[in-house]
Amino acid sequence: MADNTMGWDEFEIGAMLRSFDGPIKDIALTPQEERNYSPNNSFTASVADWRIEKPIFNKDYCIDCQFCWIYCPDVSIVSRDKKMLGVDYDHCKGCAICVEVCPTNPKSLLMFPEQEDEEAAIASWPEKEEKEK
Amino acid sequence: MSEMKKIKNLKEFSTSADRFEGANLLCPGCAHSIIVREVLNATNDDLILSASTGCLEVCTAVYPYTSWDASWIHIGFENGSTAVAGAEAMHKALKRKGRLKQPDKEPKFVSFAGDGASYDIGFQWISGCMERGHNMMHVVLDNEVYANTGGQRSSATPIGASATTSPAGRVSYGEKKNKKDMVAIMAAHGIPYSAQVAPNKWKDMVKKIQHGLEVEGPVFINAMSPCTTEWKFDPKDTMMISDLATDSLVFPLYEIIDGHKLNITYRPKNVIPVEEYLAAQGRFKHLFKDEYKHLIKEWQERVDKNWEMLQRREEAGV
Amino acid sequence: MAFDKMELNEIEVWDGNFAAAQALRQVQVDVVSAYPITPSTPIVEGYAKFLADGYVEGEFMMVESEHAAMSGCIGASAAGGRVATATSSQGFALMVETLYQASGMRLPIILNVVNRALAAPLNVNGDHSDMYLGRDSGWIQFDSYNPQQAYDLNFIAFKVAEDHEVRLPAMVHQDGFMTSHTAQGVKTLSDDEAYGFVGEFKPMNDMLDLENPVTHGVQTEEDWHFEHKARQHHDLMTKVFPKIEEAFDAFEKLTGRKYNIVEEYMTDDAEVAVVALGTSVETAVEVAKEMREQEGIKAGVIGIRVFRPWPFEYIAEAIKGIKALGALDRSSPNGAMGALYNELAGILVNSDEKAVLTNYIYGLGGRDLTKAHLKEIFKELKANADAGKPTTELQQFIGVRGPKLAYL
């Protein structure tokens, strides 16, 4: 992995970067966990420190509609086999779009302060909101 | 030709393995990456990609990281389209000469560029690519401003928006010129497919991208990309703003086949007043002062007129 | 679809443009992305016609500007194949942004530059303003003096540029009209010999290798940029000349034609010499012979064959024993000494050689450099040699009408 202690003679020419270590067939059919990411792939990096608030996922209310998956700008909603599994906190920037688009009542994703404990957050989850008549 | 990916519903779509990665440097809530994900996930075909200089480019290939899981190239501000066109030409040549490493695969060629890089500085390059008939798709991430350089007006900036080079002030309401109709200009090249898309209408987007990748020849896609930073709204509201844009018909969704036949692809059940769209964004805040309120009325009239024009073109079916 | 080979005579009468076009055909360039401009247009027209007649297999992109032409070349080259184009003058100037990008991405594109003046005022004829404009762009620059060399140096350029230890783009220069449109006898290679000499293109970091995706054209800020530029410079300084010499040797074995990084004519015993580029080298050689025969002046000529990387050590060797040197610059220096003068001064300043160095600006916009001009120059150089110091101003304009122009 290129790092900023390296000298001019240690880089690939042309500042070229590879996405993966070694060849990969059918990338579009290979889930992220099965890919051999190169250390130069931003998948291996983290933007967790951008957040001051984080989304916490409460699967009790989730209907796996996948709105959060499709509208997440940061590929941070982990969905596999049509099920929402949780939030990828290495890549989530805390924009809260997932919370906004969540259609359940109460929401299955809510924003909490970054330091909030997940169990405590779920324990304090709000009740279903009554619709105003 | 490879088989088209089947995407019946969102659950099925969510089984896609993303080829665009997180920990890129785009702003929280940026619509660019939502659009890029929807475009890339619309197909399982191999991809050869480019980006022109702009937010997407400077945030996804900052050494020593790349956020791209397909071959990708950036040259300059104006020429991302031509970079992909060159790669497409090379693919054709090597295919004919039997020198492709994976001859059984047919990659798709897609260039991404902002509105500045498409409507303004890259206009000629894109026009050339469309006119020459390369088998490629150009996708504009249209946030109606030079966001990467800090919010200067482009020829996609709409009337009344406050941008740093057309600021609203004591005696000015901001941008004075109407947005350039880029889809019409590109369709006028006689290309097989051009369309306008928005990230909130993912199904409409996926259908258009799939169609665009399927047809032989150049395709132009204008994707509305609400910009939390320059349109001045809270990052969490990106999809809400997108809904307001499509449902107020400020950003109508349609396609143009073979340069002439126009189809409207989304008709809002309840059309929202343009005023609500404008009110949700800081860039239009000054329009709500008494002296500029007539501009909001004019906005509505312009949107109504455009919608009528689109409907008439569709009805005419020519 | 296959292509037909072309039967060539041992010697064909070709101008420089057609010779270059034939070379592009013979190495079977995969993609040419080009835009027309006088005087280089016939090179890409030639490729297009060979394509139309089935003598080459590839893709020709006739784009909408020179900037797009090089952009297309960059995309095609990064995709992984043999790429070439041609341009001149204003077109070259429009390409400049992309020239730096091509070399920075280490893409072995071959650009035939048919040298022409830069406006304003507009001019279609030959001078070296465009060649000089390219000298910091990170490309290898070969310079030919006649159609034969324009042909031969194309093969050398492909062989060197595409070598995986080099991977740098290269320009092959020829003088507008004087070379590009002057038909001369050109000794040809057969199609098989030519292709065999350059060899099949070997891809590297190619975008079309779908199982090994690559990212080209990244952003490198202050933590990285310097190292990448340093690497490119290092490779230009250390890797290019050995590969060029290797290619020159192989070419000599194949054809009997010998090229050198710096061409020396009668320099062994020369007391005075001019240093020049392009067609002027041939005129200067003829005059130098006459100076020896008629005036008893031991005149020599140094022709720059490789302008970039700058052959510092080769020239240091070539100028040994010479007492007065004239740097002939065919480009308006616009407020400075000519480029060749400055480069030569850089060599002389730390050398034991104490040659007197003066600068001649000539031939702008296609103005002829006559034998009479060169005779006068050699005489002045002789006077400098005898005096051990300049007897004229350091910089003089040659062949311009009006009061004499001389500075410093």
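As written, the chains take the letters A, B and C, and residue 1 is the first residue of each chain.
Keep this in mind: a residue touches a chain if its C-beta (ideal position, glycine included) is under 8 Å from a C-beta of that chain, and two chains touch if they have at least 3 such contacts.
Bear in mind the structure is a predicted one, so any value in this text is a computation, not a measurement.
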Pair of chains joined by more contacts [C-beta pairs], A-C or A-B: A-B
Innermost chain, where centres are averages of C-alpha coordinates: B
Computed distance of Cα centres, chain C from chain B, in Å: 43
Averaged-CA centre spacing for the pair chain B and chain A, given as whole angstrom: 24
Centre-to-centre distance between chain C and chain A (centres being mean Cα positions), rounded to whole Å: 53
Multi-chain contact sites of chain A, meaning residues that touch two or more partners: 2, 15, 17, 19-20, 27
Multi-partner residues of chain C (each touching 2 or more other chains): 211, 213-216, 218, 220, 223-224
Contacts with 2+ other chains: residues of chain B: 46, 61, 63-64, 66, 68-70
Residues of chain B defined as touching chain C within the complex: 46, 48, 50, 57-58, 61-64, 66, 68-76, 78-79, 82-94, 96-97, 99-102, 105, 107, 124-125, 127-128, 131-132
Residues on chain C engaged by chain A in the complex (per definition of touch): 104-107, 167, 205, 211-216, 218, 220, 223-224, 226-228, 230-232, 234-235
Contacting residues of chain B [partner chain A, same complex]: 10-34, 37-38, 43-46, 60-61, 63-70, 199-200, 202, 228, 235-240
Residues of chain A touching chain C in the complex: 2, 4, 6-9, 11-20, 23-25, 27
Touching residues (chain side chain C, partner chain B) in the complex: 1, 30-31, 33, 57-59, 61-65, 67-68, 71-81, 83, 97-98, 101, 203, 206-211, 213-221, 223-224
